[in-house]
Amino acid sequence: MTVTTTEPAPVAPIPASSSTRLVDRVFKMRELAIFVLLLAMLALTQVGNSAFLSEQGIKDLLLNATILVLVATGQALVVITRNVDLSVGSTLGISAFAAGTYLQGGGHPVVAVVLAVLLGVGFGLLNGLLVSLGQVPALVVTLGTLYIIRGIDSIWVGSRQITAADLPDGFVDFGSGGISAVPWLALIALAVLVSTAYYLKHFGSGRELYALGSDPEAARLAGIPVRRRILLAYTFCGVLAGLAGALYLARFGNVDSGTGSGYELTVVSAVVVGGVVFTGGSGTVYGAALGALLLTSVNSVLPALGVSSVWVLAINGILLILAIAVDRVVALRVASALKKRNARHG
Amino acid sequence: ATACGGTTKSDVKKESGAAASAGKADPNAPTKKGLTVGFLPKQVNNPYFTTADKGGQKAVEALGSTFKEVGPTSATDTSGQVSYVNTLTQQQVDAIAVSAQDPGALCTALKQAMKNGVKVVTYDSDTKPDCRNVFVSQAGAEDLGRTQVQLLAEQIGYKGEIAILSAAQTATNQNLWIDYMKDELKDPKYKDVKLVKVAYGNDDAQQSFQQTQGLLQEYPKLAGIVSPTTVGIKAAAQYLSGSKYRGKVKLSGLGTPNDLRSYVKNGTVEAFELWDPAKLGELAGHASVALASGQITGKEGQTFEAGELGTYTIGKDGVVDLGKPTVFDKDNIDDFDF
Amino acid sequence: MTHRSAKDPAPVLALRGISKSFGAVRALRDVSLDLFPGEVHALAGENGAGKSTLIKTLAGVHRPDSGQVLLDGEPVTFHGPADARDAGIAVIYQEPTLFPDLSIAENIFMGRQPRRALGRIDHRATRTATVALMHRLGVELDPDRPARGLSIADQQIVEIAKALSFDARVLIMDEPTAALTGSEVARLFGVVRALREQGAAVLFISHRLEEIFRICERVTTLRDGALIASEPLAGMTEEDLVRRMVGRDLDELYPKQHVEAGEVALSVRRLTREGVFTDVSFDVRCGEIVGMAGLVGAGRTEVARAVFGVDRWDAGEVEVAGRALVNGAPSTAMAAGLALVPEDRRAQGLVMGMSIERNIGLTGLRTTRRAGLMDRGAERSRSLDWAVRLQVKYARIADAVSTLSGGNQQKVVLAKWLATGPAVLIVDEPTRGIDVGTKAEVHRLLSALAADGVAVLMISSDLPEILGMADRVLVMHEGRLTAEIPRSDATEETVMAAATGRAAA
Amino acid sequence: MADSALARAVRWDTVVGALLIVVLLLSFGFVDGFGNALNLSFLIGNTLPIALIALPMTLLVVSGEIDLSVASTAGLSGAVMGALWNQGLPIETIIPVCLLLGVVCGLVNGLLVTRLGLPSLAVTIGTLAAYRGIAQIVLGSDAVTDFPSPYLDFAAGRIGDTFVPYALLPFLALLAVAVIALHATPFGRSLFATGANEEAARFAGVRVKRQKLILFTVTGLMASLTGVFWALHYASARFDNATGLELSVVAAVLLGGIDFDGGKGTLGGAIAGVFLLGALQNVMSLGDVSAQSQIVVTGVLLVLSVLGPRVVRQISVARAGRRAASAPTS
């Protein structure tokens, strides 16, 4: 009762390397779509208003995006693991204020940044521990910590505020300065972005973040230290939220108890527009950064075109939907191209 | 308008006039002690309101009564503010001093409060007149609107394009001021001044920031910006001071000395104005106690004592004006701390 | 070929007196097991006997309630799958555990990628190694293709490649062949033999007894979580093994009754879904069991999905009892009397967190209602009735199906569809992972259904099953129907010839 | 997994219900001003908008989707109501128009999700901005307050001197409909299946897309109903009405034990969550707890709502494990 007795015949090796490049290219297209959309939008605006892409204009665009890019990078990491951190806005707010208070008291700017980052680490760890040890839904937990951190911030800060006058000049100048059109802050964000992307692609633990977002149970069976990785993602997200807080302080020179509130929806939008899928396991930080750039640019484009601010919100929303729809269509194309290519009959 | 038998706008009568209480005012009634006055700002944690409410506290406590402050943490949480009115009513305070987030939304709750014997004073932002007893106005809206334009026009030499950076589109007082600004600009002496745009930064630092950028990109020849909101003027100042426009584009409007001190010193801002929020709160406190003591009811023409501030007379629709705003510049700014 | 290094009596891995309970269920009671290097060891038992639980205990997924795991004679405690892996134990779990978003290459080497300087991953080496593994298994799978969308069989192959990718001392395979057809099985066995020659210990689970006899030297039988016997296979017959597993003799394995075929119940005409299958036409009559054979990926499942309406078709038509079906609408197909037992029970057949009762009830939402509301009594009795008829082994009908063993889950899927009282029943790999006893039970059931006039289309990769049960055999090759073979002519040779495209019928 | 019986014993929705009752009882006894009819009617009236939206939201979340645009839809229908009222249209015409608008908003969400296959979270973050933006375009900076008093009285008033707001009665009717739809109909059953395993539901003949489209549409309808109610209750139609309400709804629904991965939860739990948060806020305000501290309490409650059941389960599992281990194995 044997099924078959034919012993296997050797199979021709797979012609692989060319197809790899194709896959790579096709997959990059997902980010490409957003990139093209962004460029088109900027070009159109430039046509409508020649001052838009002046040195100052470019600098403003980059500066506006910096903080969101940083937070979105951290968020992307968390979303890749099939979790979410809604508390980033609160963390940003409290660490910005902490850094501000320290600077107000005559502290050194570098120490202030470190302080903000450390606060970020603390809250990131808190979120990470709650989510990974408790194994409870991240959405609920971080919505909870969003409220908790914001509440603590409000109680601590009260009606105090920190203004540019309280900060060392060097710090504030750093926030708006740079090499011609490229602000220092944007360079920091870029460095963080590139190294995060490199880490995700080329290091084992980076790939494991994708794996456990893709299928947590399979990750456990594959011996991936799931809890430690989730903790890592949250801590990293907290670090970037804290760093973003410090940069926010430098950029706006102005923080109070409301700083960063409501930021979570913007960050999540940026990440989603950037093609990082909410069910985990796919997407890149470059995508998230592009999403952030797109979103903040919209806010600069509309005023520059003289669109009444009454229209801004509606256009914003419609653009957001457009961006995800385009992304989706491209993704479907990719999938069907893959299917055709890999069809086993033919 | 009732063609289909429905209820339309024209069927609804306009009500107006302050809700003067039934009882008569007795200007000589003794000031009651041991009252409780609840202050309900648009937003707690907002430095402006904190200063104002401190003034209120000073007045109320000086008169031998108890002060308390409650309020929502967001300036757009109208339902939150309504619940606080309800709560204060439940707690049977003697008077509520409230800065309304919305002219209509608080009405039902405030009327309910007045029905339960609570006196209602609005300050900074009014409700519909029939929903409160007295409105303590920071300054005549007309004064504020006109003086802001005058201040900026002087700085730009009565010549060039100007823009307004306001808060939310729905902010009642902002809109009123803007109307007066536009009216002031009709004066022939402003024939070379052109208002090109009203932008809205929603009292959010970052949005106000980007709106300022947008204004400058759209109108490269912009000579000046008026921002009749403390958040807006601060954000605009921060942007200008870090950009190539510092000192070239003039900025004026309403701001607090503490916020703008450094920008005045580094030349971004020449002069701006504001009333003293502490005094506004103080006056609201006095008005509350006077109402609760029965010295006034909110009718036009009644007068009451407001301690150091002097004597005030209630105007039309139950409005009390604090007085003219103060102009701050390099020379006097260090004399103020709020 | 039967080579055994019995001269080395020390087991690499051993279990001593292992017990494990899940709540009230005692999945393992005092079980011991020895795995010797250079030996393939079979683990046999009915569904729910505790085989997978035993494996998960060996792999560090479950901690035993009592008893010991010995590695090279030393007691060890595995705190997690990583510990077991580091000890050189490779495991293929019963249910594929792939990362759908990651490429096949990454899936295989996750956590153990070849490294370059500074601990960076060597992507190129990973790909090369994957290509080599695929070559060894004789399959063509693009290493860069994401695992999402792989058929169950391909997933299983990736799992096998994963286990082979590290030169494990112990290889544990929980029903690796359940989704595979003959040629892939043969490949796999070739690889297993090679590993055995190299001195690895292999633990192998399968419900296809002939496979056990083909590759194993020794068999351990479990029944109800208890150890029945551990003995050499030499000299045993299939009947002996079945008796150990079931505790009694088994009736005929393929109890096909002869039925006169009636009216055409299901008629598929020139059905095409671009890039997947082309121009497929066939009929199934009342009372007939039509088998559908083909190699993995031939497109059988895709045809079934399209016929049932889960996927849309691009051209052609489907009629049930003379009435044309709407394209892409499972609900109308169900209303017309069609039922599909899908291939992937976890993804398509069951709602894992839901109770057994409600899973079975899910196909009856249209019928078990009173005045538009759920009739819970009717739902329960319908579910109980079918769970009992299919001998599902459960503690309470309100328990989540996720607590059932793989085979019992399969029975729930069957129950869910049989409960609709279909006129046309399509079953896709109906006995995948089902033990011999139950398999005969399922076959008897299908046979009885056919006798009652139900038209049955049976897709299966288990050739003996097809040959034993089908009145007619349809064979697919690369998306086309290549042969229709009457029962009298159907042999392994004719079917395989058509399936591999070597002969046109 | 192994502990379904234990899991059932510590079902969070019953815990929330019990907690609500405890809070109410304690407040009656110990908090001045809580128990009187006026306060209770305020409490209920101010909680109703959240409760109204929580009804369809619960169903939506059970089926594995979410709609964050609800508050904007409510704002939009309020804005349209104000604009049309300013145009002189009769309110009897305006309200149906607004509800229809809500249906359209919901339909847009639903079509984007079901036809294009976009994730609902992303889509509704987009429409959250878009609908609010349209509201701003429609009504601009106006605040319309002069709605006819019979309507205002209905939306803000209560029956005699009781604690029952008029609006509570229609809400209870809607609640009953929603409870039956979710827990006693085949439709509700299929929602649970879809939420837990959409693929399997499709294979079982559930028309998943149509079902989701219906849910989004109903959610839009209920959101616009809430918008109309809001404008009348607070006698104020502005474009920024109900801003941020979506987070309150989500928080309350989560607190009520609805699992955002879909497939789990009860409507009773969700509504208990809504009123628990409402009651706690009321009590804390009466007790002069500052708004900032109230935020912290809300946050802590949310965290506890997921951590609590988890910890209880872990403890009982550990205990069961110890018992099993100590039992002699034959």
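By written order: A, B, C and D. Residues from 1 in each chain.
By definition in this document, a residue touches a chain if its C-beta (ideal position, glycine included) is under 8 Å from a C-beta of that chain, and two chains touch if they have at least 3 such contacts.
In UniProt terms, the chains line up like this: A = Autoinducer 2 import system permease protein LsrC; C = Sugar ABC transporter ATP-binding protein; D = Autoinducer 2 import system permease protein LsrD.
Keep in mind the model is a prediction, meaning the values are calculated, not measured.
Asks: What is the set of chains touching both chain A and chain C?
Replies: D
Asks: Identify the chains in contact with chain A as well as chain D, in label order.
Replies: B, C
Asks: So the centre of each chain is just the mean of its C-alpha atoms; given that, what is the distance between chain A and chain B in Å?
Replies: The computed centroid separation for chain A versus chain B comes out at 39 Å.
Asks: Taking the mean of the C-alpha atoms as each chain's centre, how many Å separate chain C from chain D?
Replies: The answer is 43 Å.
Asks: Report the inter-centroid distance (CA atoms only) between chain B and chain C in whole Å.
Replies: The mean C-alpha positions of chain B and chain C differ by 74 Å.
Asks: Roughly how far is chain B from chain D, centre to centre by C-alpha average, rounded to an integer in Å?
Replies: Computed from C-alpha means, the inter-chain centre distance equals 35 Å.
Asks: Please set out, as single numbers or ranges, the residues of chain A touching at least two other chains.
Replies: 154, 257, 310
Asks: Mark out which residues of chain B touch at least two other chains, giving numbers and ranges.
Replies: 44-45, 73-74, 169
Asks: Quick one: which chain pairs are touching?
Replies: The complete list of chain pairs in contact reads A-B, A-C, A-D, B-D, C-D.
Asks: Of all residues in chain B, which touch chain D in the complex?
Replies: 1-2, 4-12, 14, 44-45, 68, 70-74, 76-80, 82-84, 86-87, 89-92, 102-109, 112, 128, 168-172, 175
Asks: Hey, which residues of chain A end up touching chain B in the complex?
Replies: 49, 51-52, 54, 56-57, 60, 64, 154, 157-161, 163-165, 172-173, 175-176, 252-254, 256-259, 261, 299-300, 302-306, 309-310
Asks: Which positions of chain C touch chain A when the two form their complex?
Replies: Chain C residues touching chain A: 59, 61, 80-86, 91, 93, 97-102, 106, 110-111, 113, 115, 119-121, 123, 127, 131, 134-135, 138-145, 149, 181-183, 185-187, 190, 208-211, 214, 238, 275-276, 297-299, 462-464, 478-480, 492, 496.
Asks: Under the stated contact criterion, what part of chain B meets chain A in this complex?
Replies: Residues 44-47, 49-50, 73-74, 169, 197, 199-200, 205-207, 209-211, 213-215, 217-218, 220, 234-235, 238, 241-244, 258-259, 261-263.
Asks: Using the touch definition from the top, list the residues of chain A that touch chain D in their complex.
Replies: Chain A residues touching chain D: 130, 134-137, 139-141, 143-152, 154-155, 257, 262, 265, 268-269, 272-273, 277-279, 310-318, 320-321, 324-325, 328-329, 332.
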